[in-house]
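Going by the order they are written in, the chains are A, B, C and D; count residues from 1 in each one.
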Amino acid sequence: MRIPPGVDVPLTPRVRRLIDTAAFRRMAQISQLGLVSLVYPAANHTRQEHSLGVFLAAIEYLDRLAFDKRFTAAVTPQDAELLLAAALLHDVGHWPFGHPIEDLHLLQFPSHEEFAHRFIVAGEVADVLADDWNLDPAEVAALVAGDAHNGARRILRSLLSGPIDVDKIDYLMRDSLHAGVPYGRHFDRRRLVGSLCLNEAGDGLAITDKGKTAAEMMVFARYVMFSEVYWHHAVRAATAMLQRAFFLLRDVLDPDDLLMMTERPMIEELLAAAAEGPAGELLDGIFGPKRRLYKRLAQYSYFEEPDVYHRLARRPYTEQVQFAERIAATLAGALGRKVAAHEVLVDAPPTELEVDFDIEVFFPKRETYRRLGDISPVVRTLAQEQFDDYVKRVRVFVHPRIVVDARQVSDVNRRLAETIAGT
Amino acid sequence: MRIPPGVDVPLTPRVRRLIDTAAFRRMAQISQLGLVSLVYPAANHTRQEHSLGVFLAAIEYLDRLAFDKRFTAAVTPQDAELLLAAALLHDVGHWPFGHPIEDLHLLQFPSHEEFAHRFIVAGEVADVLADDWNLDPAEVAALVAGDAHNGARRILRSLLSGPIDVDKIDYLMRDSLHAGVPYGRHFDRRRLVGSLCLNEAGDGLAITDKGKTAAEMMVFARYVMFSEVYWHHAVRAATAMLQRAFFLLRDVLDPDDLLMMTERPMIEELLAAAAEGPAGELLDGIFGPKRRLYKRLAQYSYFEEPDVYHRLARRPYTEQVQFAERIAATLAGALGRKVAAHEVLVDAPPTELEVDFDIEVFFPKRETYRRLGDISPVVRTLAQEQFDDYVKRVRVFVHPRIVVDARQVSDVNRRLAETIAGT
Amino acid sequence: MRIPPGVDVPLTPRVRRLIDTAAFRRMAQISQLGLVSLVYPAANHTRQEHSLGVFLAAIEYLDRLAFDKRFTAAVTPQDAELLLAAALLHDVGHWPFGHPIEDLHLLQFPSHEEFAHRFIVAGEVADVLADDWNLDPAEVAALVAGDAHNGARRILRSLLSGPIDVDKIDYLMRDSLHAGVPYGRHFDRRRLVGSLCLNEAGDGLAITDKGKTAAEMMVFARYVMFSEVYWHHAVRAATAMLQRAFFLLRDVLDPDDLLMMTERPMIEELLAAAAEGPAGELLDGIFGPKRRLYKRLAQYSYFEEPDVYHRLARRPYTEQVQFAERIAATLAGALGRKVAAHEVLVDAPPTELEVDFDIEVFFPKRETYRRLGDISPVVRTLAQEQFDDYVKRVRVFVHPRIVVDARQVSDVNRRLAETIAGT
Amino acid sequence: MRIPPGVDVPLTPRVRRLIDTAAFRRMAQISQLGLVSLVYPAANHTRQEHSLGVFLAAIEYLDRLAFDKRFTAAVTPQDAELLLAAALLHDVGHWPFGHPIEDLHLLQFPSHEEFAHRFIVAGEVADVLADDWNLDPAEVAALVAGDAHNGARRILRSLLSGPIDVDKIDYLMRDSLHAGVPYGRHFDRRRLVGSLCLNEAGDGLAITDKGKTAAEMMVFARYVMFSEVYWHHAVRAATAMLQRAFFLLRDVLDPDDLLMMTERPMIEELLAAAAEGPAGELLDGIFGPKRRLYKRLAQYSYFEEPDVYHRLARRPYTEQVQFAERIAATLAGALGRKVAAHEVLVDAPPTELEVDFDIEVFFPKRETYRRLGDISPVVRTLAQEQFDDYVKRVRVFVHPRIVVDARQVSDVNRRLAETIAGT
């Protein structure tokens, strides 16, 4: 079975049986990038395709690490099979628009890694894992969910989720390819994989010095993908619209039903639940026959407007809604007309930081390990604690029907800043 | 707005308004390749993306032909704008799974080019064309539908639909890129477009001798795409399943409703109409949670089994069903058990031939025009009347639950051949 | 060590020692395509780079064939090492402008495969092969020279030189890449290599049906490379000029000295030997400060002018010179002025045919072997005996100072044809 | 005429005449990267190919800037033609191994930009410029040499030599492509060129905010190319060897003769001048039949060993030689044997800094110009004054015959540091 960029997924019978399960095929109806296709119309690839790509990456990593004696001493062939199954199934618990919904931190909604549990430990997938793969489904689910109770598991976990894991190495490339941008491809994957080794503690992935530049390139690729794609202002406008609608509907939606759905049915369900209300207007602008995204009224960066930025970034979602409501009131006053609460949205970096991109670099000649951030100015700049602050802006979006007038409110920037400051 | 492979669609306001119409955005919910994604799981690109690509190709063709005096004498700037609008809208009448359904030639179902009429001549699209493009919507619809009542229109029509039209030059590349195969890319598009000119009669597209090799490469690319993708045996199995289900349901479906639908709703509609019957079983194997495609029992090529091939190829669909029923009866007899009619499918080249790929080649030094097929052995082999026969096989598919036994029927090939021969 | 398109040559110590020999490094001063860079100015890659690429291809082929039980039964690990060494050294006997010079069939000049012997069986290379590779240098030289005295050697030989050998799979790609053309890349090398197996007789390379399309693509890629690059008319003009100059100088050149030279020194040597005479004028037009290539006066193809074509194609070089002299006399008469013998050149397909591209295709389900030409119309058209006739034209070139007048000779085509026919 | 990556150079008659001059064709015998091919064996592309690429880039830049009203108000069509001619000829004064030789700052050797003068203002090139291009050859030479006596010339100069000039945009891509590395390609050239505009002062190139990410990518691409290719340690070893040999021979070489030579003759001339002496040994290790590069004994970076670094970086070449001699003496003492002066080389960043990569970014909505370094953390890190310090290390190389012993000198690092510190 072939997937871009021209690679063949080796379909042994047990792989075939796993990817033919309903749980796996469900991912064929969930797009990888969700609302990004409103801005990059070709970005319609699915979690199914990505999962196959992650499986291939896992094979590639294991092929390389098979030459590493410390790795083979710690990780048994059975462990390696566990990783392969987890690679195929790592996103099986994802529901449509997963990240925007998770970022709301609604109590009744689980994380997608935990949610994977329900697809893995019972039913068809569990049967295939037990019968054909000779694996304990609970172990696969635990690895996917992040459990790492011993050294080998910690190594596997770092392959599955870490600075240079099999997930990122696939999605940066795949998202770029389908979207039609060069940003996340071309980071010399071959060189990077060829340099994989274990870290000094022996419980996680590291690279040798041969892979240093390739790792810097991957850090940079990720930075550009966030700047130009994942946190593109129009993508964020749509995201903020969906989040507010979902927030408004949170008590009428049934998580158990909803999160099992594929993309189109979930959209239908949301539209039905929202009906004519504010949530309906928000959803119609994204999913209705006419594209009608909210527009930027203001934008704040960590560097240029640190005060406003810190006031809004990393707050619980309910606070962001309150800020938006206060801004709506300010605009209503200035414009001398009603501004509905849902006509103003605040979008800001969520409470969780992206994964730290720093890893250890092994210098065989000197037999020392150094942190990548200590030896690379690019990584120090981009990949450490400030990454989120660089690429994730705070933005105020308003409904297109008020944006022209709102922009002409005299001294609008000062008024917004004061409103946000609460003075 | 960026689409693969890294090109920017120039979004002037009038283009923006056209692509923001509901009719255009509907194409974002219809995949370009339909059932192909069952075999090439990454091939999920949409008719919307393709339409943007065709628009870009039309700009590229016009930019080149602006240097051709015969072209600019015949085609006015207004004509060129008509072409651009038609390029954007050429697929607006497509419904999901368009080609398989059209190939059934059901009386109550129109062609998608005619169907485009209803999206273009009235409503939002018509308003944008009239107000922003200063074009007569009826003219755009006529060009899309194939009407070419004078010389300029014939030229435009040959750009829109012909051996090297803006449609093919986009879809060969785009289908390859998203599917992850090299076959339809890399035919030196730059060289081909750089060689465009008018034919000897002055009423259609031709190429100069500089583009001869690029044209041969495009013919070959198309051949490989048909062999490996469009007529891949498993794609055809799924296609045959959908066609039979649609045929069975033909009297309970309402074309007016159905053809306006996007992909997911149409699938839901078909599943609902089919319920538990034979059509339901066929559709469930394609669209249900478990992939369960029919299997090849026999395959006949033009070259190796010409008798059987000609008996089945290019027949009306109803005859194909009758052949399948006779084969089902034969198998039932041989197996000593019931074989339902819908458990056997015959798939064969449809009645229409693919467009002839032959075009004129202009030799400026000698000031002569020659037919490409006369000067290129590859084109003579591949692009003329026999193209369909090379890449489109006749196949007999059976339900997976009988395939093992059916293959073990003694002398099964002879029995099938006799059944088909009617002896 | 990295070479395009982004692959790393694994430099084990024994490989390092082999490629650091003077014999191997000599190839760094010999360009792969010689005179092609007069037309494709970026095509300056060397035989050294190509040899590294062939070595990589040999590793790739062996990695695949290691899964084939018939192969591993016939070919020992020691045989495989022999192949790797021969892959690295297969062009070590090449001198600059090898093919044009070989095509003259001058008695005192050997073939480059035989000439390789002198670089391999004694001296530094021989020492490395014996000491580090544990191989008999004479065996390596024999394999390079084409000797295949038993089954295993015949298999190795078919990997090294045959329809889909490690040489072609590299040079088609590499020549395309550096020249800047898409033609010889993109034939799905991964798929082709993934389908390698042994032929029915067990003494040569074949492919399984999975590789059929990739093999067709490679045949087509080769056809396009010959049409557009290797037999480009201006490349052939330069080639004909060099051949005539070399022919004129044949008795004053010392093969023993000359063929050991790298490219620049050989050019200097030729220029020095030619001095002011006719050979000097020919060489100056190619290698002098001013580019001054001969121009086409006439061109004959197998299909359109079969009589003239067959009169000139595949003749010994001395006959071609006689034809050219007769044409010079005809032109002198028609123009009423002196036309020197060396002002007219005849270029025609050489006596040897290109290697037949036909191979066996294995169908595992049916356990049968078929010839590719029997099941592929493209291959039947392009890859069999007529390949040379399609892409290699017969051409008459004349010095630029007479071409304008010569083209205006009344009835020039008829006069040329009569001169060639000898009537 | 086609060059990689698949683009056609438009050969109008006047371009054809310019590139057929002996001065232009001389560049076909001078490689772009000189000694880099010792490490990246495929990097054999020539200054001729690069010059054609720069010409194409200049056309692309002008096509874009033709839409910029401030540009067209300042730059006349005649100015634009001047730029095109200068683009073709910008490297015409380059001699082989230009940069290493220039970095020695020998009094009798000019800069290559000044040297271009002699190829442009008289003779064949001057005739073509005057007759076919209607340009004053002196003006072309002045523009190439960096003269910018008014606003329009300053603009042209910034297109020809500046942070995002037509030279860099070509060589980063071309060097990557031929070397076989991804590093300098893929920086979204289309987006970058599409964002070109004038700076606030109106006398130089800038970009709009749409090109910000593409500019960051280009800065990063340049950083990686320096790290991995141009300042690769083995490339620098060969460079240091050549520089020392040239320095030793400086009084016996005739600049007037030498700098007119192409690459192979210059190498022959250097080898002849050096004969058996120290320079001869150095040159033989680079250009002789056996590759024998000096080895790293020590390496100092700006960040980890700032004291030693600053002691050696940016010193006149004569001082570097003195440091090397002192190190040779130290090693001789420690090893108890003679160490010749030329057996130790110090390689350090030259006195000139690379061009500053910072440019202005125009924000149309706010109508403001900002410096790229002020709004991009990556550029602040990489593209400003410290760029050289990041990628250019100070290194001590020694002859391979002493490296093993030298590395085992007890406390060798401390002794070297003390020697360099002069204590």
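Throughout what follows, a residue touches a chain if its C-beta (ideal position, glycine included) is under 8 Å from a C-beta of that chain, and two chains touch if they have at least 3 such contacts.
Everything numeric in this text was worked out from a predicted model, so none of it was measured.
**Q** Just grab the chain with the largest centre-to-centre distance to subunit B, centres being mean Cα coordinates.
**A** Farthest chain from subunit B, going by C-alpha centroids: D.
**Q** Count the C-beta contact pairs for B-D and for A-D, then tell me which is higher.
**A** A-D
**Q** In whole angstrom, how far does the Cα centroid of subunit B sit from the Cα centroid of subunit D?
**A** Centre separation, subunit B to subunit D: 52 Å.
**Q** Any idea how many Å lie between the Cα centroids of subunit A and subunit D?
**A** Distance between chain centres, rounded to whole Å: 41 Å.
**Q** Of all residues in subunit C, which are in touch with two or more distinct other chains?
**A** Residues 6-7, 181-182, 188 of subunit C touch two or more partner chains.
**Q** Testing understanding: with touching defined as stated, what is the shape of the graph linking the protein chains, line, ring, star, complete or other?
**A** Contact pattern: complete, every chain touching every other.
**Q** Of all residues in subunit B, which touch subunit D in the complex?
**A** Against subunit D, the touching part of subunit B is residues 6-8, 188, 190-191, 194.
**Q** Considering only the defined contacts, which subunit A positions touch subunit B in the complex?
**A** Where subunit A meets subunit B, its residues are 1-7, 20-22, 25-26, 28, 31, 37, 39-42, 44-46, 48-49, 52, 177-182, 264-265, 289-291.
**Q** In the complex formed with subunit A, which residues of subunit D make contact?
**A** 181-183, 185-188, 213, 216-217, 220, 223-224, 227-228, 303, 375, 377-378, 380-382, 386, 390
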